[in-house]
Amino acid sequence: MRYLPLTGADRRAMLERIGAAEIDALFRDVPAEVYDKADPGLPGHQGEMEVERRLKAMAARNLSADAAPCFLGAGAYRHHVPAAVDAVIQRGEFLTAYTPYQPEVSQGTLQYLYEFQTQVALITGMEVANASMYDGATACAEAALMACRVTRRRRVVLSGGLHPHYRAVTASSARFQDVEVETLPPDPEAAEDLAACLDADTACVVVQNPGFFGHLRDLSALARACADAGALLVVAVAEPVSLGLVTPPGAMGADIVVAEGQPIGNALNFGGPGLGLFATRRRFVRQMPGRLCGETVDAEGRRGFVLTLSTREQHIRREKATSNICTNSGLCALAFSVHMALLGEEGFRRLAALNHARAVRTAERLEAVAGVRVLPGAFFNEFALRLPKPATAVVEALAARGVLGGVPAARFYPERAELADVMLVAATETVRDADIDRLAAALAEVTA
Amino acid sequence: MTLEQPLLFEQDTPGRCGVDLPEPAPVAERLGGLRRQGRIGLPGLSEPEVVRHYTRLSQQNYGIDTVFYPLGSCTMKHNPRLGEAMARLPGFADIHPFQPVATVPGALELIDTLADWLMRLTGLPAVAMSPAAGAQGELCGLMAIRAALEHRGDARKRVLVPESAHGTNPASAAMCGYAVDPVPANERGRVDLAALKAKLDDDVAALMLTNPNTCGLFEDQILDIARAVHDAGAFFYCDGANFNALVGRVRMADLGIDCMHINLHKTFSTPHGGGGPGAGPTVLSAALAPFAPLPRVVRGADGLRLVEHEAEADGHPFGRLKGFHGQFGVFVRALAYILSMGADGLRQVSGDAVLNANYLMVRLSEAMTPPFAGPCMHECLFDDRALKDTGVTTLDLAKALLDRGFHPMTMYFPLVVHGAMLIEPTETESRATLDAFADAVLDLVRQAKAGEAAMTQAPVGTHRRRLDETRAARQPVLRWQD
Amino acid sequence: MNDLRFTAEHEWVRVENGVGTVGISDYAQQQLGDVVFVELPPVGCKLPKGDEAAVVESVKAASEIYAPVTGEVIEINEAVNAQPGLVNESPEGEGWFFRIRIADEAELATLMDADTYAGYLKDLD
């Protein structure tokens, strides 16, 4: 078997050295009645060629987004990833390294994490960022719990414009921690009044920008209201490319910013793995979850990097840790960071501008389709439509015509009749004029 | 030789860019006045500069591809490149989580096939696929336990955790709202059954036990432990971090376990990636299955379904653990590995892993002292008695190994053993590598005893020498700032 | 003559006019290694004897500091916030943590004097 270097002769010689007759003898602490009763019905080992055939056959059953015009968003965004990103993350010294607990032989990982933390802090407009969480939804839940620790309060308010998965993950985490969650109804018109939900027990308000239905909002007044009430403002960003064009949460007064980093440097992968970004104010850093990389010097006085402030973490603080998180999204953070390095100031801004231009163009074309209405308000690269027919059926009909045209709100809120005709449409730089034409034509056809 | 590499931010040349993007077409902006003001501060670099930057950084790292990496409890084994290739097929990498489900039957098939293997290998009837990593799998199992207990009106408050447990266990229990009650070990490095029984009462929700445990030993009284836990009306959570020692030989259900997370990045060889991403699918007993989180891939009469809402789900899902549908890209790699190894290969995996660890235990025992008698399972544990009165510590020995081209073992864990050194060779290392490592460790111990080496200064040949962690923590500098 | 009184958890308290100054012993700071952070209680908080009052952290460990006597925290040592190394350099002097207005001086009788504590440490080794 190709991954196993020991030969029969090796095994015999090693067993002799150990003084055991056979490998089974090494398992003598396992009660005999439960040893080697594994299901014999499972198939045996296979060569690469056979495995490749089997998996390629599975992959071929999926409609990949490179084979159809793709306007899907709702928290996962398809961008072009430069070839250099994948070349870098496949280097074995990155791919097959462990968490950098031995800093002398992990400076490569530690330096990119330090650079990653800096990039995240810069684009979100915050003071400090950690070395990543699992994904945007779990980062959001962790932010809510952190706000409870900082404020010593137990109530969190979730905006109706927050991604439904972020809401669900946060509610699930809170459920077992005795934290009260007020979840506002879905907010396709961006009409909710979050400041009115603040009270003396509120630890934080969690709001997404751009919102789940695409809306961009100025959160400065809400930030002031939160500060006055002694609560924190947590801002979630599901599409971090927006930060190249849109006022960042830090500049609006956010206390914690969480984001889904997948859209930068990472493929869609059916939604996983993701990359949780987590940034906050310097004074809250000891309440922050997750790993942190910091600068220091080595025994010869040279600059170097280490994981630091580890006493917040589970491997030291155990049940008093700020979170149970251990493994995070290191390699996805590397992909993000390489992509950001390639983009730089100019490229990041241009990428964001391109996305907005594509989305505006798409919105203009779809507004012209009879019976279709773009919901009003500012947006970045995603907006919501109201359709003359139920959106789920429309999306399926579009897929049947080879167009991945959008995400129906009913996929998340099947019980809400008022959202049955709402469809989210995202347009990134990967969308061409011809794709927009195809979507507009197909939409006209299936909604007619 | 490794070259010095400045930070990205110190290589900034304004106007330089590593991508060529078209000029955006002029449109009537719809940003509502929220256009970002001022410079962000990102450095400008061309592609050759960026590629050289990261290539040089990579050369400052040790990885499994370059050195033996025997980190106990971490399972650093070879990561097959077939998984990387398969995960990049457009039909897997370039599919969106919210495509109409009818356009992704292959994705559901992949999840279901992997789930089926995990259930058969463990003997448990259900598996929650969405946990993002081991710690989230622990949380998943505990949340299912708490939901099941609450469903039967049983508000238990404590979770029992051995003192030797990984730190995520008590942290996960706390995140699930439980008080943590430590369980002592006996003189053989296993759970003290009498002490456990004394703690088991109708306030205990679960026992969390790693098996093989963090001392690298099989809990040989596990059937009695399971019986005692169940007699008290509690659930038995197994931390599956060490499942690689048993895979293909022992079904966890037969041990009386109610749920267990499986680190796909350990037992099933997906890359650690410098700290993730991992995946922690969690197998569940019939009693816990109704409480499994969303989403679920469910087999029905008309094929596979993706269940995303409580109303469509059987039972009472406790909620949702992460966004989308789980670590799909990690699933592809794990399934590529599982199909490659097959049932016979996985059985050989646990056999060779245990053989390699016992071989190292015997070889290192020439000069070092294991706190507990063997045989060990997939990892062997030593204390620091061999270094007593030499002035050399476990840390010094580990750092000296770096200069010999080895990644050190896990140090000072488990906490219950003084100066612990936990060594996990894995099945993907040859006998020659094990011998070279054993020779190096034994030579270092000999040097320490002879007072020959200045090991307290090690390493000297690495890209950086020992780092000042006190300075990093006292005055944290967590980002570059010009 | 050392006027400090010690707990079994290695806190000390020095009493003047009904106010106790609290810190950790020289032995405790040696066990911890380089102290990197001290989390102090808010001024005004009332602590029962034995309750968690502060946390002291080294690079690889965090330890809780318990109130050696019942009382109200009336002052904290800002200097150890800025310079946690003071706890190592002067654990029983400038590296004090907080001052507490003692509710019941009778509780002091449960603490060890310097000689008793020295004997206690000898037994620990």
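Chains: A, B and C, in written order; residue numbering restarts at 1 for each.
Quick note on the criterion: contacts are C-beta pairs under 8 Å (C-beta built on N, C-alpha and C of every residue); 3 or more make two chains touch, one makes a residue touch a chain.
In this text, all values refer to a predicted model and were calculated from it rather than measured experimentally.
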Geometric centre: closest chain by C-alpha means: B
Interface ranked first by C-beta contact pairs: A-B
Gap in Å, rounded to a whole number, between the CA centres of chain B and chain A: 20
Separation of chain A from chain C, taking each centre as the mean of its C-alpha atoms, in whole Å: 44
Computed distance of Cα centres, chain C from chain B, in Å: 38
Multi-partner residues of chain C (each touching 2 or more other chains): 37, 57-59
Touching two or more other chains - residues of chain A: 310, 316-317, 320
Chain B: positions in contact with at least two other chains: 469, 473
Chain C to chain A touching residues, read off their complex: 37, 39, 57-62
Chain C-touching residues of chain B, taken from the complex the two chains share: 469-470, 473-474
Chain B contact footprint on chain C (complex, rising order): 34, 36-37, 57-59, 84-85
Residues of chain A touching chain C in the complex: 286, 310-311, 316-317, 320
